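Handing you this structure, nothing more for now.
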Amino acid sequence: MASDRLISSNELGRHNAADNIWIAVNGVIYDVTDFAPTHPGGLRVILDNAGKDASRAYDEVHSPSIIINSLGAEKRVGILDQSTVIRAPEQVIQQSVSPKGEKPPLSTFINSYDFEKVASKTLSKKAWAFYSAGATDLITRDDNKKAFDRIGFRPRILRDVTTVSTETKLLGCDSSIPLFIAPVGMAKLAHPDGEKAFAKGAAKAGIIPCISTAASYSASEIVGFAPLNHPFFFQLYVDKNRAKSERLLREVGELGMRAIFVTVDAPVPGKREADERLHVDESLSSPISGVKAINDSKGGGIARVMGSFIDPGLSWTDIAWLRSCTNLPIVIKGIQTAEDARLALEHGVDGIVVSNHGGRSLDTSPAAIMVLLELQRRCPEVFKSMEVFLDGGIRRGTDVIKALCLGAKGVAVGRPFLYALTYGSDGIERLTEILKDEIETTLRLLGVTSLSQLHPGLLNTRDVDHLIPANYQESEAPSLQPKRGVAKKEIAKL
Amino acid sequence: MASDRLISSNELGRHNAADNIWIAVNGVIYDVTDFAPTHPGGLRVILDNAGKDASRAYDEVHSPSIIINSLGAEKRVGILDQSTVIRAPEQVIQQSVSPKGEKPPLSTFINSYDFEKVASKTLSKKAWAFYSAGATDLITRDDNKKAFDRIGFRPRILRDVTTVSTETKLLGCDSSIPLFIAPVGMAKLAHPDGEKAFAKGAAKAGIIPCISTAASYSASEIVGFAPLNHPFFFQLYVDKNRAKSERLLREVGELGMRAIFVTVDAPVPGKREADERLHVDESLSSPISGVKAINDSKGGGIARVMGSFIDPGLSWTDIAWLRSCTNLPIVIKGIQTAEDARLALEHGVDGIVVSNHGGRSLDTSPAAIMVLLELQRRCPEVFKSMEVFLDGGIRRGTDVIKALCLGAKGVAVGRPFLYALTYGSDGIERLTEILKDEIETTLRLLGVTSLSQLHPGLLNTRDVDHLIPANYQESEAPSLQPKRGVAKKEIAKL
Amino acid sequence: MASDRLISSNELGRHNAADNIWIAVNGVIYDVTDFAPTHPGGLRVILDNAGKDASRAYDEVHSPSIIINSLGAEKRVGILDQSTVIRAPEQVIQQSVSPKGEKPPLSTFINSYDFEKVASKTLSKKAWAFYSAGATDLITRDDNKKAFDRIGFRPRILRDVTTVSTETKLLGCDSSIPLFIAPVGMAKLAHPDGEKAFAKGAAKAGIIPCISTAASYSASEIVGFAPLNHPFFFQLYVDKNRAKSERLLREVGELGMRAIFVTVDAPVPGKREADERLHVDESLSSPISGVKAINDSKGGGIARVMGSFIDPGLSWTDIAWLRSCTNLPIVIKGIQTAEDARLALEHGVDGIVVSNHGGRSLDTSPAAIMVLLELQRRCPEVFKSMEVFLDGGIRRGTDVIKALCLGAKGVAVGRPFLYALTYGSDGIERLTEILKDEIETTLRLLGVTSLSQLHPGLLNTRDVDHLIPANYQESEAPSLQPKRGVAKKEIAKL
Amino acid sequence: MASDRLISSNELGRHNAADNIWIAVNGVIYDVTDFAPTHPGGLRVILDNAGKDASRAYDEVHSPSIIINSLGAEKRVGILDQSTVIRAPEQVIQQSVSPKGEKPPLSTFINSYDFEKVASKTLSKKAWAFYSAGATDLITRDDNKKAFDRIGFRPRILRDVTTVSTETKLLGCDSSIPLFIAPVGMAKLAHPDGEKAFAKGAAKAGIIPCISTAASYSASEIVGFAPLNHPFFFQLYVDKNRAKSERLLREVGELGMRAIFVTVDAPVPGKREADERLHVDESLSSPISGVKAINDSKGGGIARVMGSFIDPGLSWTDIAWLRSCTNLPIVIKGIQTAEDARLALEHGVDGIVVSNHGGRSLDTSPAAIMVLLELQRRCPEVFKSMEVFLDGGIRRGTDVIKALCLGAKGVAVGRPFLYALTYGSDGIERLTEILKDEIETTLRLLGVTSLSQLHPGLLNTRDVDHLIPANYQESEAPSLQPKRGVAKKEIAKL
């Protein structure tokens, strides 16, 4: 296992003898003791840099991947603790992407994983950690995808599938395929154009971007990169200062946004350890929320240090307040139980997103597609009166179709579009094209020709059916723990 | 993980300095920076070839496996993008097989995996990709085999098993064992004799080959390599130009074929990524369908680029048309649900093949043996009126017997025979001999002496029984998604 | 796999030629034949030490991890059999921890695994083996943790979680979080301050230490390191000489301990093989039990060789005797079945600890959290009349909350605090701070604000529900084995 | 993966140039091209042996494990095809064990796996293959052990376990622990004393050996190595020449054997591929059956080539014949279904062994402990009238106790005793001592003091309960396959 231990500049300095050489290259510290004698460029140049940050010397002559290929992961000793280094400010963050020439041409990409692989190598360490991280042990993050693979298709044959259509309407807006770009923060870390490239690429591809409160550009800047009338959604984190949120809702309404997605599954940020372990660049700030990044005793987790404005006191009673602030459709993002789906229905919202924040909030929460299945089994009525969406784990056209078979009107895709963004708006277009092709192929091989023909009978969910929780009688709970003195009013709130 | 990234000739050329050396050997690009100083033949010869295609220099002195053994998979940087290379035409494709001397003698082979291992090393990269590839994430391809291993035997003891018989009749034709050679395309990529070697070897071994519409020789050429009256089946892809298919059916009828297998699980080709990533040799063409290969924006997948003639509009109503074109038994190949097995029965066909196209069509479709189990549980009546076959995942004699215990009359075996074909007709004979021996041993150790004594009680399917889907009430489907405005006539077609 | 074979000094001595070089470094024997020619310090110094214990020469110039990094685990030949070595007594044990400078600063630690990783590298081999070992094949040890990961959360949204409280009372004593430090033996092997550092750190962090009968300091020494009135629990192994136990109970009562935890899941020690394979330092002794360590024919397992005083004859009838010896609350530690939980209730004890001794007693016993679930299903009445605790596998704040959702009043955490002890009392404080933060985040993301609101409906246990054993009718047992001549009175005792 | 490809002497000879060097050492061929330039003994000596069998040169200076340690498994190219080599006869087989000095002392062994590890390194390749091999894909062989690990204990606490007894009677004979040595063939391949060491060690340890028809010494030679009256069992393979079996039964009766175990799960040998791939030494012969070894077109599998005398026609009707030949108790070895256990009961035998021949007969047959569980559930009456034994997968004392909890009177242990035999009779004693200690510890930690107190309620089998097959109505079978024309009389035989 490659080590992520934080190592101080002082400790690095002590490994500077021929039998004990560490060097730092682009933020990572390696043990090159064994490698040094066989270094093609000579032992001398390595000894000159022993115990030091050798990034500059290294970059002049080597491509980034050489060091990893040559040494192997086990020689990675840890991460240089940036807070212990004295240096010129322009070195604080690595370039977010490698020079274009290092990346394979878009025409060679044939699935979403191709984008992920390239992003893992070309994004800065910090951007990769921020985007790819999940909460603590990554169980929910990874289950989001794995659960799709445990649900099988039941393909029907000898249907005429000469022409198929993947078009649909999401909250009344046309979409070329049943998915939209999930709201993601700080897209600029992937590409200088950030969310502006989302807007441009999505408009060309006929899909809808959902702009995040944590976007790296203002909503008006972003919208300008798509043709007039191209639909946008807006994702809202409610501010502790409610007046700010009220003003924001007015603004995005005036910009012509078509729906408000209120995120409710992160009243406080989950513990995303890979992100916390790397120091955040304190010059980072969010133009919409106005918050600036800061490193603290828990680490440098971007979502955490920049989410300080989010109100952990938001509750069901606030739905009425939201209604009073906007005429747009309101969608609750972060439903994880049938109980809460029913509450959303009772509160009269226009839609819900089954989501666990991409596995970034509470680890061991259920995979998103499992929650959708729970809704199908325990509260199918919610599909009749609200549009139901899903995000979390979508990587293939087959995943999209599975969600639709279980009642989703569409899905949101986050990380894959962030990874595609390393190619700017061209990446967004290419990824959409690939997903559309996969969706079309899936429909044809299932024996259907339009999204309206999808239904649960085209799936085999038997491998996971037993995992759906039964209705829990909440009134039973207190009797199990009488010593704790649960006050009646507390129970009533559950 | 060995990389499959496509790399241009230009990019290769930039890695030509002593501290950064890539070379291409037989289409694969390696990073030899670390290896070069220790090269037994000297550093100089490597530097002379740095950033270049070194295949010729390499092949003169090295055997093919040396480079992989010496460097390790992690030094494989990617695949040379053949479209970016200027060179003499005779270098376009590698030889499909290595010189005979490199391969182990047939007498040392004792199971079907032995053939697979040799094929993976001696076939051209493209042929290997085409034959071994499955759809997208390979889940169904691999489940085809794994599902057999989850079904156990219940061996009975103290039966007299002195003499056993493995003989049977498939669609009225004698077969020495209950399996036939599955229809596979472009067998010439494995051996110059292609399907002709199938014919010769199968005849000697007493089994039936099923000739594919995508064969690399014409049906009449192939049939000539077996004795008169040796039975053949013919696999049909229905052409968009129905007149062509009508003519073809007439022709194969006149050649004495004994049954027509109509493939219905690939109205469009599945997404076989390993195959798409390698450029196809555009001189490839199919003598039966008349289609020629071409590379396009999706890649070079052989099945896809050569399947353009297949009619995605084929439907149940066309069974009557097929009946009008031939007097031969008609078998529907590609059944994946009990519902469609019942439809096949209603349409009066003579047989069905439970198949998912070897995991090449829609990924996460059920393993073939699981569909057979579904038929046993949900529509056992189909076994009474049709012959039921299975293909997908057969590697052992035990697999064959498990399918027969669940009601199959016989099975089709594809990839293993393609891999055996690297030894020409001798390979076909040897593999059949091995499978026959395994089948005999299995019968004896089960305590039975003929195929007719097999029944479900000899198996323990408890590990997978819960995965069989229940009957789905299709009438319920529309009510779940009322917003989509499903037209009544569309539902009616489901 | 790194080898643990015991190798004699004589055998080591035979590997002393240039083509066959073994050396011992800090108790481990390595094959350095291949490495020697490339040794940066020269081949000569290695040849001088060939076949010998080279620890001293090595330590003068190398840091401990270099040898492992340079050679790889496969070069580890085995363990030097200390009993075959003639040497000065001060070399008998390695220093229990590396010089402080080698360890990362506490401020970089963000979860309990960080402590485990550092401990695995800096503890002496023997201390690591003693602390980390489980019984035989480690199945129960590892299941303790894995079972938590198979139980999911069902997070509720849109609750006001602005303020949360993690405080509780355990057996009437205040605790800042619902956990206490599990009783662990010989803590001095991790840090010179041993249990005294537990006392100091726990007092600062507001949690309760449970002192073990096998502690490396006397109870009065330990208690002195916390402020007056800070609560302590005491763990009792009942001595074969009951008078000794009676005296001990009087003493700890006078010291102000608040409860007695009687360990009952280790009437004899489990077989902890990693610990047995290393010789124990025979100067080790326990100030409370008075036993001294000794190596014997089974090996050097600390728990075994020092547990010789424990009475395997302790039985339910002894509960009355215990009651007569102390006025403190009595808690039975080691419940593994619903049947025994009910017996504990009938015997009127004040609490129980669901525990399998951290997987150190009988391998393939159920994971602790599974036993808690069994109690919920089969004898929920026990939660009404006793405080129920759990230990085994707690590594995350999420684990703590899962146990509480299933009815536990609190949990005990053992190994993680031992690993944190490598940093003395500061480590105890830091680990508690981390766990408290994880517990708070978990509560908020579940949508609750105090421990009293937790209940089983916040969990999804469907993945493991089927593993809960049904009530077994013990009267049926004898009829199955009539030939064994089970005497009626024996059956009656079951 | 290390390769097992058979390579001819000719092919080996072609790899004799500096950039392409293979050598054979003790029957295995390695690629040493990369290693040669760094060989401590110089490149020259390697070049002198390039393309040749270098065993003699190697053995003079190296210990056996050096080559594997130095090169790594991936450099193993294959196996030298002994049939293609011209050489002096004394080189045909390697020594069956390494010189004693290479093996760790018995006092360092603490579990059965320690013996397995040493045997895997010190046995000849052929002996290791013969002993360790299972049928085809090794699924059943490995499940035999894994199934034990899926069955958990339910330990009971606060029982007085001061004294425990592990003694029992097996078929009326005293045994110090509830296990006997399974009949195994050709033990001489593990140690020159072969089965004689079994007799000597077992007698000292107080356990019973079961002598195999395929033993490498005659029964009278073996019996002589134990004190008079020490009990022995005898395993019978019925000869096609029944007169021979009759004579053998008379002989072993006269030698005082105490029971006859008739093996019925291998009417023909399973396909044990590791064994088939290595040529058998044709000087091997069995003194009891009189058969001599021979290599044939299927390979050199010892059990197969030496089992040619076994009668595949043995059937239930022969039980009466067996009864007429001996007065000893008759035990049927190889029961794998509840149906056959009932048949055994009906035929009045004295005992049965639940066994799948150690996973060597039909792969994917059920794990032995699963069959025992099936008997508990579906025909518990068999335990009342016969003694039930189990073999397959026993490696731990916990495994033994689990089998007894499910009704077994005792278990048979095969491979572990073969591996212990590398230390002669001392190894047998030491292994028995270890197993006895594990059994005692297990009893105490379960809270019981004698074998008679064991019952199913001490186990948790919920993880595997669903795998037990239901009663199959055999009368339903034929209706599923009407086309096969099953004759009534054939069905009647099932």
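By written order: A, B, C and D. Residues from 1 in each chain.
The criterion applied here is as follows: contacts are C-beta pairs under 8 Å (C-beta built on N, C-alpha and C of every residue); 3 or more make two chains touch, one makes a residue touch a chain.
Note that the structure is a prediction, hence the values are computed from the model and not measured.
> Taking each chain's centre as the mean of its C-alpha atoms, give the chain farthest from chain C.
B
> Would you kindly state whether over half or under half of the residue numbers at the chain C/chain D interface are used by both copies, giving same or different?
Interface between chain C and chain D is built from largely different residues.
> Using mean CA coordinates as chain centres, what's the chain B-chain C distance in Å?
53
> Could you please state the distance in Å, as a whole number, between where the Cα atoms of chain A are centred and where those of chain B are centred?
Comparing mean C-alpha positions, chain B is 38 Å from chain A.
> Taking each residue of chain A in turn, which ones touch at least two of the other chains?
As it turns out, chain A has residues touching two or more other chains at 466.
> Connecting every touching chain pair, does the picture come out as line, ring, star, complete or other?
ring
> On the basis of the stated criterion, which chains touch which? Give every pair.
A-B, A-C, B-D, C-D
> Sort out for me which residues of chain A touch chain B in the complex.
Touching chain B from chain A are residues 38, 40-41, 61-63, 66, 69-70, 72, 101, 104-105, 107-108, 110-111, 149, 151-162, 168, 376, 380, 383-384, 387, 396, 398, 407, 409, 437-438, 441-442, 444-446, 448, 450-457, 460, 462-463, 466.
> For a test of understanding, state which residues of chain B touch chain A in their complex under the given definition.
5-8, 11, 18-20, 31, 33-34, 36-38, 74-75, 81, 136-137, 139, 264-268, 270-271, 273, 276-277, 297-299, 312-316, 318-319, 332, 334-337, 339-340, 343, 356, 361-366, 466-470, 472-474, 476-478, 480-487, 490-491, 493-494
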